[in-house]
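Working notes, beginning with the structure itself.
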Amino acid sequence: MSSWLFLIPLLPLAAAVINFLFGRWFLQHASQWIATLAVAASFVLSIPVFLQIASDEQSISQHLYTWIPAGDFNIPVTLFVDQLTATMLLVVSGVGLLVHIYSIGYMHGDPGIYRFFSYLPLFVFSMLMLVLADNFLVLFVFWEAVGLCSFLLIGFWYRRRSAASAAKKAFIVNRVGDFGFGIGILLIFVTYGTIEYAGVFGQVGDATQTTITVIALLLFTGAIGKSAQLPLFVWLPDAMEGPTPVSALIHAATMVTAGIFVIARAYPIVSQSADAMLVIAIIGAATAFIAATIAVTQYDIKKVVAYSTVSQLGFMAFALGSGAWIAAIFHLVTHAFFKGLLFLGAGSVIHGMHEEQDMRKMGGLKKYMPLTYWTFLIGAAANAGIIPLAGFWSKDEIILGTWLGDQPIIMVVAFITAFFTSLYMFRAVFMTFHGEERFDAEQVHPHESPRVMTIPLVVLAFFAVTVGFIGFPPEDGWFHHFLDPVFPGMPHPDVAWSTIVLFAAISTVIALSGLYIQYMAYVKRSISPRGISELLGPLYKLAANRWYLDEIYDVLIVRPLVAFSMFLWRFVDAQVIDGTVNGVGSLVTYTSNQWRRAQTGLIANYVFAIALGAVIIIGAFMIFGSNLFE
Amino acid sequence: MNELMPEHFMFLSAALFIIGMVGVLTRRNVLVIFMCVELMLTAVNISFIGFAWEFSQLTGQIFALFIIAIAAAEAVIGLGIIMALTRQRDTVDIDEVRELRQ
Amino acid sequence: MPLELVHPEWGLIVPLLIMVGTIFALLVADLILPRDNQGAVAWVALAGLVASLASLLTIDWTAGESTFNGMFRADSFSLFINIVVLVAGILAVLISSSYVQSLQERGTMPMPEYLVLVMFSILGAMLVGAAGDLLIIFIGIEMGSLAVYVLTGFARRRMTSIEGALKYFLLGAFASAILVFGMAWIYGSTGTTSIPEISQQVGAIMAGEQLPEPALLLALLLLAVGLAFKIAAVPFHMWTPDAYQGAPTPVSAYMSVVPKVAGFAALARVLAEGLGPLSETWLLLIAILAIITMFYGNVVAISQRDVKRMLAYSSIGHTGYILVGLAAFSEDVPIEMSIGSVLFYLFAYTFMNIGAFAVVTWLQHRGQGVDLDSFNGLGVRSPLTALAMTVFMFSLMGVPPLIGFYAKYYVILAAIEAEMIWLAVAVVLASAVSAVFYLRVVVAMYFNDAEGEWRPQTTPMLGFGLMIMAVGTIALGFFSGPVLDLAMNWVDAFDV
Amino acid sequence: MDSLPILSLMTYSPLAGALVILLWVNAPANAARWIALVAASASLVFSLIMLAMFDRGESGMQLTESFRWLPDVGIEYQLGVDGISLPLIILTTLLVVISIIASWDAIQTRVREYMIVMLLLATGMIGVFVSLNLFLFYIFWEVVLIPMALMIGIWGSANRIYAAVKFFLYTLAGSLLMLVAIVATYQSYFEQTGERTLNVLQLTQGDYSTDFQMWVFLAFFLAFAIKIPLWPFHTWLPDAHVEAPTAGSVLLAGVLLKMGGYGLIRFNLPMFPDASEAFAPLIVVLSVIAIIYGAFVALVQTDLKKLVAYSSVSHMGFVTLGIFAFNAQGMYGAMIVMISHGLVTGALFLLVGVVYHRAHTRLIEKLGGLATNMPIYASFFGLFMLASLGLPGLSGFVGEFLAILAAFREYQLAGIISMAVVILSAWYMMWMFQRVVWQRAPGEPPDPDDPELKLANGDAPPTVAGGSGDHHEDVDPRTLTDVNAKEILTLAPLAALTIWIGVQPGPFMDLMRPALEALLQPFGGTGF
């Protein structure tokens, strides 16, 4: 079967190219079907791959061609599938397919639809290649490629300054991460002489502990950028400028999890360095907490979901950091479904509200768009970790993992964050669908979205409910056994049922308390959110202003660099270097003007010059060159 | 007691030559300068003759003859140019002839 | 002692005899032809020059025969000098005939006299080239100079012309006096005026001694000074800018080449051949003169607006380059390149420098001045002329593949073969400086817009001359092989 | 040597075209254009034939031609190609054809002269890459200067004369010392072997004393460093680029800069290995400075051409960085960067030319929203923008990554610092792209549903006064037409090659392998 493995990424690529070349003049709306079919095909093709991996636990690989034959730096392009990849294949192509279907409805009538449906499959292609790569450089290539697609799709409505800026910001911030990632690859090559997974992982131990730590951290810098960890997550909220399906696919379900995927992929290296894992855990926890606090204060429905994404990515990160590898991947999978669902739901709301995103102008939409409501509710509940939805199992397991990986502080942070999670999720639900209608009924006529959009919602909702059970019972589910080969030598502490139940109970209580508070606040109105925000004062302002990260970057990095560049250009280039060059020129001219004065025009002086010259020469020779005076 | 030695010729010619040179350097009148040049040539002639006398050859004397001839030609041309000058501008003072400079 | 008259070998002096004949023909033509229509004489002169050039073939130069008791020598060196000056003469006649006849200069300029003077100075230069005796060198140089003094003042109604002539004449006479005084001292300290004998005598004197005796040294320096004046080496160059600027343009063209050639021929004959054994003494002097000269000339040229004056300074700069070749001379191991590069440079210089002046002449014919602005927009007004001027400028700048580059290359080669890398570096630095003012002309021609009135006029002869020189400047570089071989033969000429 | 003198044919067919135009005194403009196009295409065809005749297995010079020219001074007419020069030659011939097509409509004044100059330039550039005799090389090297200076000075924009003169003097001054060095090498070889030759392959055999190598190396290096241009010898480049006509910029960036890198590879390394080793650290430092410096300065440019020019300084830094790491990746990197930079930057200048031809300004703040009416243009622009900022899968990445890797192997810090360019290049390129191709022009009414307007913040662009001296009224992109067939014809091949090299550089690298291996022998040939 490995013979047609290459079709899985190729079909979306083909669709992308066709739509890009012919979309504008020939295909127009037809492009959407080409794209959707291609992605569907690659989804269908990935199923047997998954099944084969599941049945016989052999990894598959297919060599395509040699990319860079630069002496001993020889980079093949080889597709490689193991359990981790297989899982990602299904997630990517599956969610990708649903988003494609959804987009048919969402993007209907947009003049640039052919661009949309060439960028989107291009993204699917890149993401598939990213997970299929068998060496770090190819991984890096498509790491950048997904970044490009995200750039193109965020800037899809490029005539908006905000969209264009957001796209640029996303790409550049990601590049900051890639800077470290790239150096990591260089270091890997210099250390191990190869950058193919097999080769590297085979000889991890050969390097010194510091080297391993440095490599691990460098790889993680890449993840920080791509998976929107502190301090680089600033690009993700802005990325919401893109069409909502894009946010669902790229900025929730797949691309942003690439960082998590890479760390998991680099398990043999990362797991060797306790320091690196600690750093990862801390950064992850911090990210999860900060993002959650911000999410509570946002009014833009998409921004809420976006920050929740950042927060969830933080969960995955510190899961990895504290050794709960499988839990992280598990959460990655469940998160893909419920977060995708949440975004699509939000999109459906926005669609129904005529592109209105501010929750303060919504409310009581429940009766206008019931299907959207229920699906969104499921997603929110899953995200908040209400038993028995998917989010509950994975998140609960992560928190458990932190305890098992004895990181008590992280665990506490995790619980607090979980509380905030349910706060902002249900805040969004109640502000949007309950309470009185705050929109002006003359202009806005809320309506349910068309079938093509709601069906994906339902499918995703179904998974958001069920997918959690692949990880049941906790620590010992089918999913764990499936992924086990990917993380060889990972400790399997056998956990007492009591512990599991205890943790489950705690997180359920937390989740429900959040739900209760928000119900009181936005439905029963017995608590005034404004009152609380005034109570918190500066803390609230801090969160509401996204912890001032953008401003800090602007003042500390952007402006100084621009000033420095101006200095280099205006002073070093124009004054120093060119000044020297022109200085030589003017010096020669000046000398010329001085020397020409010797030419007085007076014969007397001319004769004198001749005589003087003769005398000097003769004199010089008489003194130095002869024995006249002896 | 004092018979003629080659040195006498040489010192005489050297003296004349330097006198001529100084004249050229100091005087401003074209004609005088020209005369000084002629004086220098004469000095050369003397030294040639002197050497010829010393070596008792004819070569030097022939050379001197040629110098005299050429000096004559030079005189013709020089005076011609000076005439043209005076025709253009009524002066023989070289300091007034400095349109071309720098 | 008795002088026995030997029967001279007239065969060896045929080229000179032809020149003399031409001169008589011109004088006769002057008598018979009416004043107002003397265009034909130009053809007479050309015919004479070409015939003389052709007659060079009748002589076997490699034999190095000589006549008049070795006073006149027909060797490869003199052959090369003859070729250069005759070619220069042809080009000069081509570019000047129309200028002299037309009324560019106030007051008439009688064609035949002009040509006669040109012929005389060429004859002088040929004599210098063939000189085997100081006397011949003196006569040749004077013959050339005297003629050129007159030519400089030939526009006798224009004060600047007179002024140039006067300055040139007075300084020239002064320098000749110094030169001939030097000759006297040579004669005094060696007892002969024949160059080969001088070299033997000096060799004998120097045998064993490190330092030359003062008299000989004095003689050497006086000669060097006298000749340095003729080739316009700093600080004996003062006359050059004024004379070039004052003289009628074709004359400037002519006098920028032939007297220089004569001067270098004399230098080579006297210093390299006659005083070769003294070379340790004079090489350094020449090298220093070379550097001072090339930098002074090129630097001062930058601040000139008058193109003729600019070219005058540039010609001073080129003197510096050529001196480098001479400074590469060495007595014991003959470096073929040294004098060879000097000769080749003179050859190359003939084409590009006369060419540059010719374009100025061409512009004056069309009512333009001689300052830089009169070149504005030439690229549009007359693309071909502009192209020719561009070729000359870049060639003078030493940009490949033009002949000027080859000349400079050989000079540098000579310097480096003589292990004087600093001299080579000086040459290229000076060329870099020179690029500035040569480029300025090109900029004016192509980048600036035309201004001033434009008097179209047909000057076939001048155009033809321009074409020859442009083509020569381009082509003779590629095929510089034979020319170079010819130049290299100086070695067997000066049996060093 | 086989019958067909393919190299000479390739080199002189443009010259022949130039002569035809020159002699046909009153040729109509179109005739001149067509003659030029035919001549250039002929040379392109010949270069492709050469590629076909080329034996990829061989490391030495191939298709050599030679005849004795001025033997007594060691000057011979010797041509030949190897895996190093071949790609650059084809790049040259291709770019020349493209430039001629690109100036078809853009140049309306003095077309005859323009085409003559263009063809002379072509012959000079090809000659530089094929000549094996130092003298011949020097001739071609200098011959390139004059037509380029004329092109800038005559057909350039506002401040052209200053730029032309600066370009000419700068580069001439640089190359003159090389002339002395050439002669010195010749002499030194003559003293060693008693053989008078300027043939590079022979001169490489000689062994020169170390201090001799030192100064001769520097003399060569100066000439090449100015051409590349390496910091701090780069200041002629922005002026020249800004003032030159589009085709001029294309050839300047596409080929002339490569002559510097080629010279280093062909002459400095083989002839003076000791000096190369000795100076390597210094040069690596300069390269890193150039890479970062160029990127920073590009960050604040307001003139499109200046921005691309400074980005060139940054990119070309990778060439020297790779070369002087002395390992396989470095050499491959340097070569591929040269090719890729030729394609990408050439294309970027073409694109700038397209918009300049329509909107008559190159000022970034005057432009905007080009994507709306010029979708094809926008696509090309995006592609080359991405290639220039080193997006993997496009040509830029392969070369630069290899160069960085090579540097990282030898000088870790240099590798790390130069890696930072991935951020900076993304920054300035994306900023430019966002301003010019996306958003809206200042001339247009703003977007009503732009949230930016409601909460008016967002990154304020670094606004800098100055830039090109062209007229400045705002441009309304709605009046601009998309690229026409001719322009697509010029851009498409570059795009294709850019993608090809990015996706599968293998064939190109196989072409160079033998030559590069041989080149690296004296340096231990690490990395193979």
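So that you can tell them apart, the chains are marked A, B, C and D in the order they are listed, and the count of residues begins at 1 in each.
Please note the rule applied: contacts are C-beta pairs under 8 Å (C-beta built on N, C-alpha and C of every residue); 3 or more make two chains touch, one makes a residue touch a chain.
Owing to the predicted nature of the structure, the values given are computational and were not obtained by experimental measurement.
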item: Most central chain, Cα average position; value: D
item: Separation of mean Cα positions, subunit B and subunit A [Å, integer]; value: 98
item: Where subunit B and subunit D are represented by their mean Cα positions, the distance between them in whole Å; value: 66
item: Distance from subunit C to subunit B - Cα centre to Cα centre, in angstrom; value: 26
item: Centre distance in Å when subunit C and subunit D are each reduced to the mean of their C-alpha atoms; value: 44
item: Contacts with two or more other chains, residues of subunit A listed in rising order; value: 585, 596, 599, 601, 603, 607
item: Where subunit D touches two or more other chains at once, by residue number; value: 169
item: Sites on subunit C at which at least two other chains make contact; value: 166-167, 170, 174, 178, 241-242, 436
item: Interchain pairs in contact, sorted by label; value: A-B, A-C, A-D, B-C, C-D
item: Subunit C residues within the subunit D interface of the complex; value: 379-380, 383, 394, 399-401, 405, 409-410, 412-413, 416-417, 421, 424-425, 428-429, 431-432, 435-436, 439, 443, 446-447, 480-481, 484-485, 488
item: Interfacial residue positions of subunit B with respect to subunit C in the complex; value: 10, 13, 17, 20, 24, 30, 33-34, 37, 40-41, 43-44, 47-48, 50-51, 54-55, 57-60, 62-63, 66-67, 70, 73-74, 77-78, 80-82, 84-85, 87-89, 94, 97-101
item: Subunit C-touching residues of subunit A, taken from the complex the two chains share; value: 585, 588-589, 591-593, 595-596, 599, 601, 603, 605-607, 609-610, 612-614, 617-618, 621-622, 625-628
item: Complex interface listing, subunit A residues touching subunit B; value: 596-597, 599-604, 607-608, 611
item: Touching residues on subunit C, where the partner in the complex is subunit B; value: 1, 3, 134-135, 138-139, 142, 146, 149-150, 153, 156-157, 159-160, 162-167, 169-170, 173-174, 176-178, 180-181, 183-185, 187-188, 191-193, 241-242, 245-246
